[in-house]
Each structure stands twice: as structure tokens, then as C-alpha cells.
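By written order: A, B and C. Residues from 1 in each chain.
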Amino acid sequence: MSTQEFDRTYSPLIFELGQDGRANRYVEEGKPLDAFLPKDVLRGDLPLPDNSELDVIRHFTKLSQRTFGIDMGFYPLGSCTMKYNPRVNDAMAGKREFAQLHPYTPDELAQGALQVMYELERSLASLFGMAAFSLNPAAGAHAELAALLIAKKYFKDRGETQRDKVIVPDTAHGTNPASAAMCGFKVISLPSDERGRVSVEEIQKVLGPDTAVCMMTNPNTLGLFEDHIAEIAAAVHDVGGLMYYDGANANAIMGNTRPGDMGFDLMHLNTHKTFTIPHGGGGAGHGPVGVAAHLIDYLPTPVVRAVPALRKAQGDGAPGAPSDGYTFSLDFDRPKSIGPMRSFWSNFAHAVRALAYIYANGAEGLRRVSQLAVLNANYVRVKVAEFLETPYPEICRHEFVASAQELKKETGVKALDLAKALLDHGMMAPTMYFPLIVPECLMIEPTETESKETLDYFISVLRDIVEEAKTNPEKLTAAPVTTVVGRVDETRAARQPDLRWEPLV
Amino acid sequence: MTQPENLLYSKEHEWVKVDGDTAMIGITDYAQNSLGDIVYVELPRVGKQIEQFGNIGVVESVKAVSDLFTPVSGEVVAVNDALESDPAAVNRDPYGAGWLIKVKVKDAAERNNLLSASEYEKIAHE
Amino acid sequence: MLGAIGAGSLDDLLAVPEAIALKASLDVVPALPEYQIGRRFEHFAKKNPGVDYDSFLGAGSYRHYAPPAIAALAMRGEFLTAYTPYQAEVSQGYLQAIYEWQTYICLLTGMDIANASVYDGATALAEGAIMALNANGRKKLLVSRAIHPNYRAVLKTYCDGLDVQIDEIPPSGDGTTDLEVLTREVASNEYAAVVLQSPNFFGNVDALSQAARDAVAASETVPIAVVAEAISLGALATPASWGAQIVVGEAQSFGVAMAYGGPYAGFIASTKEHMRRIPGRLVGKSVDGQGRTAYVLTLQAREQHIRRERATSNICTNQAHCALIATIYLALMGKTGLRDVAALNLERSRELCSAVARIDGVDVKFSAPFFNEFVVDVHQSARDLLAKLQERKILGGVDLGRWYPELSSCILMTATELTTTGEINRLATALGEIVRVHARV
């Protein structure tokens, strides 16, 4: 007989807990399967564990306690916009009439859902200066793929199939070239200039009749505003190419400037960044794709069509909107569309959340969101610059980069070690080693939902850690020490992949 | 580890050991050190025709991936299968047990496009 | 704070070139205090009466019982607001949960490896097809027409980007894929993969026969299985048992809300030989410096943030939260509960089938064994008949004429463990009346 040792750092796998006879009674007992189907189509055993509801609750509760979320502490992950996820959004998305609505519900019986999608789409179109959005893609990278497929089809229809080059700055997120490759495009990487930006001279060198798309984000991944964006867009348009806006950094520009006005033809948004959809441990995301007028026909199917009603809708005390009188439908009849990107219409539950967030803010509130995001980032930047190298010591937008390169030369302590040391102080580490052009990079994005107290705490802890690097570097290379496990042997994980539990034979 | 003198090198940090009309190919000590712990090597199949400086595979470490370029043209006649279960051999012994492929050389004159040990030494430390 | 930055005002921080500065007023929904947001969304909710109709809708999104214990766990703030577990030391909980998800998918499908989830079943098919294309370098796919039309459409969207051709295999008269045609076509040795869905879009069990398996193996074509109704994995022989090397599908049935189409949880699983090609995130088990069990994202060198344009896929997010929901569902159900749910689906769908088959003028279209969906032929416009049922507040099923012109008089009907005898009786009565009226006309 063994005693169970209390270990807050370890849980057996759910498979190791299970025992016969522990099943829960959620449905009545079913008849034997061979009463309904011939034996040769039935499976043999079903090797899943039975666990009581209490054991399952304890198991996953413990797992949750070993997971760090925004709800627990500061999460300055650059490029991820880890802002607070307001709970009202989840309450709205959880409404029975949304959660239990089947996607094949006839349009006339789902007007509320369609109106949610319509209002979100219209609000995003105006906010970002695009003619239309599709809510079809399931994530940012998915929307990016959709945008490139749109570009590919657009050029094919115009007989311009020689356009096979996609231009991507060397600061770009990895999905940009990966998405391009999935469409059969060749990627040209554009070096950033000494100011960390794309220069018109540099891009002119690679533009030509084979240019399909130039993919950029503004502000870029260094947090710097691409001030020559209008000239760059003009240069790309001059050779007949299209401009694509990676919307990962949209939190920096709302109410201030718009990709449509900068000259972008295509864009995507990550509503799980800018519009507070919870990250949920890595997904589900939601990636609306936006287009300028000449590309509307190519949007993924279906799109939400709105027809103004002939009669006004009756009032019911709820704040009205012009579209309350419209009739909505899903439009599948789009001959030039690239087709659908996923099984059904959108990550609708997330569309509800995003719309609820926009309702909480309105245009002025969203403008304020971006203002505060930029203010917070600059405040942290100038303070951090006092003790850590910031390679671009100028006004940044919603995020900035610091480099531990000098520190590494002096003390051997790397960006990775600083990040791990932060974990011991109840905060998440910033994004590391991205963008690639900054050695020992830390990308820091505080977001607008953090108070000055939290920012000051982060700054003082980081300052102390950098001091410690100079006096006691071994302490940092050993970090983290207060977490349930220390640094994981990733080499072993990759050389001897153990990706699942195996039942004992 | 300094580069063995009897080998030829490419700018992409591969080495070549010529033995008659067969060439053995691997990556240099500098390359394995830069990559860190190697976890997987993707190599061409036996029989594949490859062109000098063409992309023939990939070396993966935990955090990075590096293209493999062949220093010579020809037909792949052998592949180091031991690396499937022991990719660490490339780190431990890049010039010996960590060899990658053997190629039946098409054109001996291609050697003129490669670097000597001292020439490679210079660019490895640039 | 502005003082610390050395800026005079916020405008200094936000300066943009004049030409692109926003001047227009924005047309965005108005700001509301929080309690009014509730009212506004109540207004939207009330305009979805379809949610209260009797429903026999399935076709890729299924109404199943989700125990409240799932939400109690999944909506915990730690799970809800965590990011991707790149910092393993503070993400052990989520990483272990995903490792358990990966294991569940392998146990259910008979595969060796599964990834941390993808967007949904349709994109899982597209990504699975790309794996096969990379495995043998061929440029064509052979795909059963009995696969969900939306899945095939998404596959086409992806294949148009990759210049890959898709050929279709017709269904045979019994509602399964025509294996004679399949066997003949793979022999051309041109197809990277052959794809079957089981249960297929018509609800029928659809697998490779031994002869078809041999032909597929001989031609070095990769067999891919698609599963849209995951509950079926609790009852039917695994795709591994008929030779599938890649299994893709949709886990929405495991406690994920139908939510008008998303978010859902797609899965991709494969045999060991395809491990390096599998896209998306993978959680592996390892140890930390003190030998303690520790989970970590692994084999990341396949992914976009390292390989960039040579990545196996551009995929970045997975569907972690939906996969978590599915994992908790499977933990709560266990083998006993899942078996019982599967058995009840079989029972109710047969009850429904008998009830409608009794009606003169309505026939069950296909003879092959089915799971929880089947096709009826009403010998008149399916669309018009469904509209009449809708007048009686019944959503009788899906009109197959929407995608299969030859089946415009056919309806796909679904029953699950939640379908009641009362609902079935109301449908049968209404259907009987409508058909009789039509016959008299």
C-alpha cells in the first residue's frame, strides 16, 4: 500500500487516476452497441478512464492553479496585447440564444446573430478605413492566408499571374512568410534601415512587375511608426502591387490613423489582441480580414448581407441602432470569392465578445485605449532605458524593444535569463528573441489596462534583476526557482518526443 | 576544434571528404556550435540527384532550423541513418560519427568552388 | 508620466504624418454603460427564435449534453486568460491538459500522435492534406463526394493557393463512397492522398474495404480519415482499423457550444511516420533540472515562428480553450459515459428513422448502416417541405439539394441523446400531414 504524497507541483495524468466503477451518470445507460450496428463496424475496447466528477474537478482545478493568466499578474508580452478580458463579454457570449444556435438555423430565425456580425463588421470597417470585413477566418494567421489568397485570385483574374513575389520586412512575424509560402508566393525579405524602419529606397530595389503583395505592420514589431508608409504604399501601387496590413499592432492606432488611409488594400485583425477576446491558453483566436473596395468580391463566403427594411422596427426600450430595421442574410452566392476558410460562418462567440467590447467603449473610448497604450509603453520605455539598452531610443507606440546584448557581454546573462527571473516575481516575461534583427531582444507591451503602480512595480523588479546580473549572475541563470518546475529540458523533449500517454499493455 | 586540414569546406559551413569518386559530407564544428543541441536532421533519399550549393535538407535544433546545402553535385549513395535516433552525434563528433551523406561525385572540378581549411577558418570567424 | 517621458502632451506621442491622420468621424456602435450592454444583447438574443424550435439539425455541428462541470472548470480565469504556454515553468497546468487532449485523440482514433488542436474540422482536413502532399510530393488529391460539402470547399480554397488538383469519387447507391471507383483511380499512382469521412455527410459508416486498402497501399497513396461527429468515435471501429494514416476531424461534439458556427476544435492525428509533418503546436513530456516531470511545447522547429516560409503551416494559435473543454468533457464522460451517449444517439436516431419511414411518401434513402444521421427522400422539394415544417416551429433537417442537385428531394435528419420522443412524434405528425396534403394536390 502506498501513501499519496502531497505535491503541489505534480498531478498524475487523468489516465493514471481513472478506475472502473467511477463513472458519472450524466445520461441513462445505453443498450449494447451491437443492438444497433453490425459488429464488424464497431470498435473493440474504448480505453478511456472513468473518473468521478469530484476527481475531475480537483484534477483540473489543480492544473489551473499551475497556469499563469492575465488575471494573476502583469503580462507584458510584446505583439500579443495582453489586456484585461472584461467578464461582461463572456456573459454576453454565453447567452443561450447565442451558444445554442445551430449554424444551419434559417436566416429569418437567426436575425439577432446576423445583426451582431453586421454591427461588428461595420464598426471595424469604419475604425480601420476598409470598405468591408469578413469575419470568416478563425485566427490572425488564418486571415493572413485569406488575404493572400484574395490577392492571388485578384491577380489571376486580371491575367497577372507573373506576380509571384511577396515582400516582407525582416522584422515581420513568422506567419507572414509562412502564409505567403502556403499560396505559392516567393518571399523577399526587406532589410530595415538604421532607424528600424522600411525605407522607400530599399523597397524600390525589389519592386517590379512580379510584385504581388507587400506585407507590413504599422507600427512595426519594434513598436516604431513607419512614417513613410504613404510613400511606400504609393511605390507598391505604382508597380501594380497590393499592400497588406498585419493588424497585430492595431492597439496603437485606433482613432488616430487608419490602415485604409495609409494606403493598405488588405488587412487582418486579431480580435484576441485588440478587442479583448480571451487568449484561452493559446486560442481560439478570431481573425477578421478587411479589404478595400476593389477586392470586396473576393472575400471568403459567406458574407452578411443587410437590406434596409421598409418599415421601422418597434421600440423595446433597448438603445436603438439604424440597423435594427434591417433584414440580414448569409450570402453564399459570390462567384469571385476565394471560397470559405472554415466549416461554418465565423467564430461567432468571439464576434459577440468583440462587439460587446466596442459597445463598452465607442469610438472615443477606443481612441482613448490606443492613447493610453502608447502612453504606458513610452513610460516603461524611458524607465527601462535607464538600466537596459533600448536600441531605438525614440518615441515608440504601444510596445518597444530592449536588448540584453550588452548585459550578455558583460555578465553572460541573456534575455532568456532575465525573462525567467521575472517569473519568480509573479509576472509574465516579455516576448523574447523577436524581432530577429535585435540580438537578445525583449519586446515589452504593457497595454492600456495596467495601472501606473503595476508598471512601476515591473520597472523596479526588472531594474533589480539587471543589478543582480552584474553581482550574482548564477542566481539568474538558475531562475526560475519559485515556480512548480524549473527550466525544462527542451533538447530531451525534442530528441525523445513523448507526446502522449500510452496504456500499459 | 580547428578545422581538419584534409577536408574542403563551403561558405555554408559544410565540409567534404573526398575518397576516390565518393564524397562524404557533414556540417562543421562552428555550425553545430551555433545551432545548439541538434534534435533532428532531414536528409535526402538515397538515389536523389543533387546540384552543388543546392538545398538538400535541414538541421533542426530546439530553437532554430538551418538549411543544408550540398558542397558537391552528384547522386546520394548513402545516408547516415544512425542520426535518426542519435542526432546528438552531429554535436559530439561533427567530422566523424556525425557525417550526413555520401555522394557519388559528378564533376571533380567542382572542388575549385570550395574552400581550404585556412580559407574557411577566416570566414567562420567573421 | 508625460513628464517622465519628456513629452509635452499625448499628441506628441501619437503624431503621425498629416496625410494619414484620422479626420473623418468614425461610424462605430455607440458607447454604453455596462448594464445597457446587457439590454442591447438581450435585444439581439430575442431575435434568434430558432434556438427554441424542435431541431433535427446536424451536418457538422451537433447538439449534445455538456455537463455544467465543464464551464465551472474551463471558465476559471487562469485557463481563460493565459497565453500560449511558451514559458513552460508557469504553464504546466495548461501544458498537461493539452498533453491529455493529445492522448485522448490518439486513444479515440487509434493513431500514434495528435497535435494540440487546429481551428476546426474543415481546416484540419486542409492541413492533413498538406501533410500528405509533403509526404510523397504528388500534386493531386482523391476525395469522396460524401464528405461534408463545407469541408470540401475549404480544402478547395487551400488547394487553389497551392495549385493542387482535387478529383472526387461519387457516392454509391447505398450512401457510402464508391470503392470500386476509388480502387480504380488510386492505381494511377498520381494521388498524394485519398480521403473518406466516416460517418460521412449522409450519416453512413464509410470505410475502406480490404481490397480498397490493398490498392491504396500498393499505390503509396496516404489514406486520410475525416470525423465530423466525434461522438461516433465512442462506438465505431477506429479509422486506424481500416488503414488511415492521418485522421482529421472536429471535436465540437465534446462539450463545445454550437455557437452559430464557432469557435470549434479541430484535431489532427497521425501515425509515427508523419510526426515531423504535423502542423501546429505539440506538447511533449520532459523533465526539469531536478528531474521533475515537466511539460513543454516541443518540435517547435516545424512551426512558423522558426521556419518562417519553410514551415509546415502558417498556423499560429491553436484552439486551446476549446480543446480544454473537450478534454474535460472526455474526463467527465469516461469510457462508460461516452459509450452510453453513443448508444443513445444510435437509439434515438433509429426511433426517428422508424417514425418517419412509416409515413407514406417518405423513404429512407440509403441502406448503409448509419450513426446518428440519415437521409430521407420526401419526393417533393425538400426546401419547400422544410419551410412548411418551419411554420410549425420545427427545424426538420438540412436540405441536401443545397449541395447535391441529384438529392433535391432529400433531407438529412439528425437525432442525439437530447432528442426526445415528444419531438420525434411532433415531427412525424407534422411531416405526415404535409406529405398527405402534397399528395392530394
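A few remarks follow.
Keep in mind that, in the parts below, a contact is a pair of C-beta atoms (placed from the backbone, for glycine too) under 8 Å apart; a residue touches a chain by one contact, two chains touch by 3 or more.
Nothing here was measured: the structure is a model prediction, and the numbers come from that model.
Here the two chains linked by the largest count of contacting C-beta pairs are A-C.
Of all the chains shown, the one with its CA centroid nearest the global CA centroid is A.
Here the CA centre of subunit A is 39 Å from the CA centre of subunit B.
Taking each chain's centre as the average of its CA atoms, subunit A and subunit C sit 21 Å apart. Subunit B and subunit C have Cα centroids separated by 44 Å. Shared interface positions of subunit A, i.e. residues touching 2 or more other chains, are given as 490, 494.
Counting only residues that touch two or more partner chains, subunit B has 39-40, 60, 62-63.
Touching two or more other chains at once are residues 299, 301, 306-307, 310 of subunit C. The touching residues of subunit B, counted against subunit C in their complex, run 39-40, 42, 58, 60-65, 67. Taken in their complex, subunit C has these residues touching subunit B: 276, 299-301, 306-307, 310.
Those residues of subunit A lying in contact with subunit B across their complex are 433, 490-491, 494-495. Residues of subunit B touching subunit A in their complex: 37, 39-40, 60, 62-63, 87-88.
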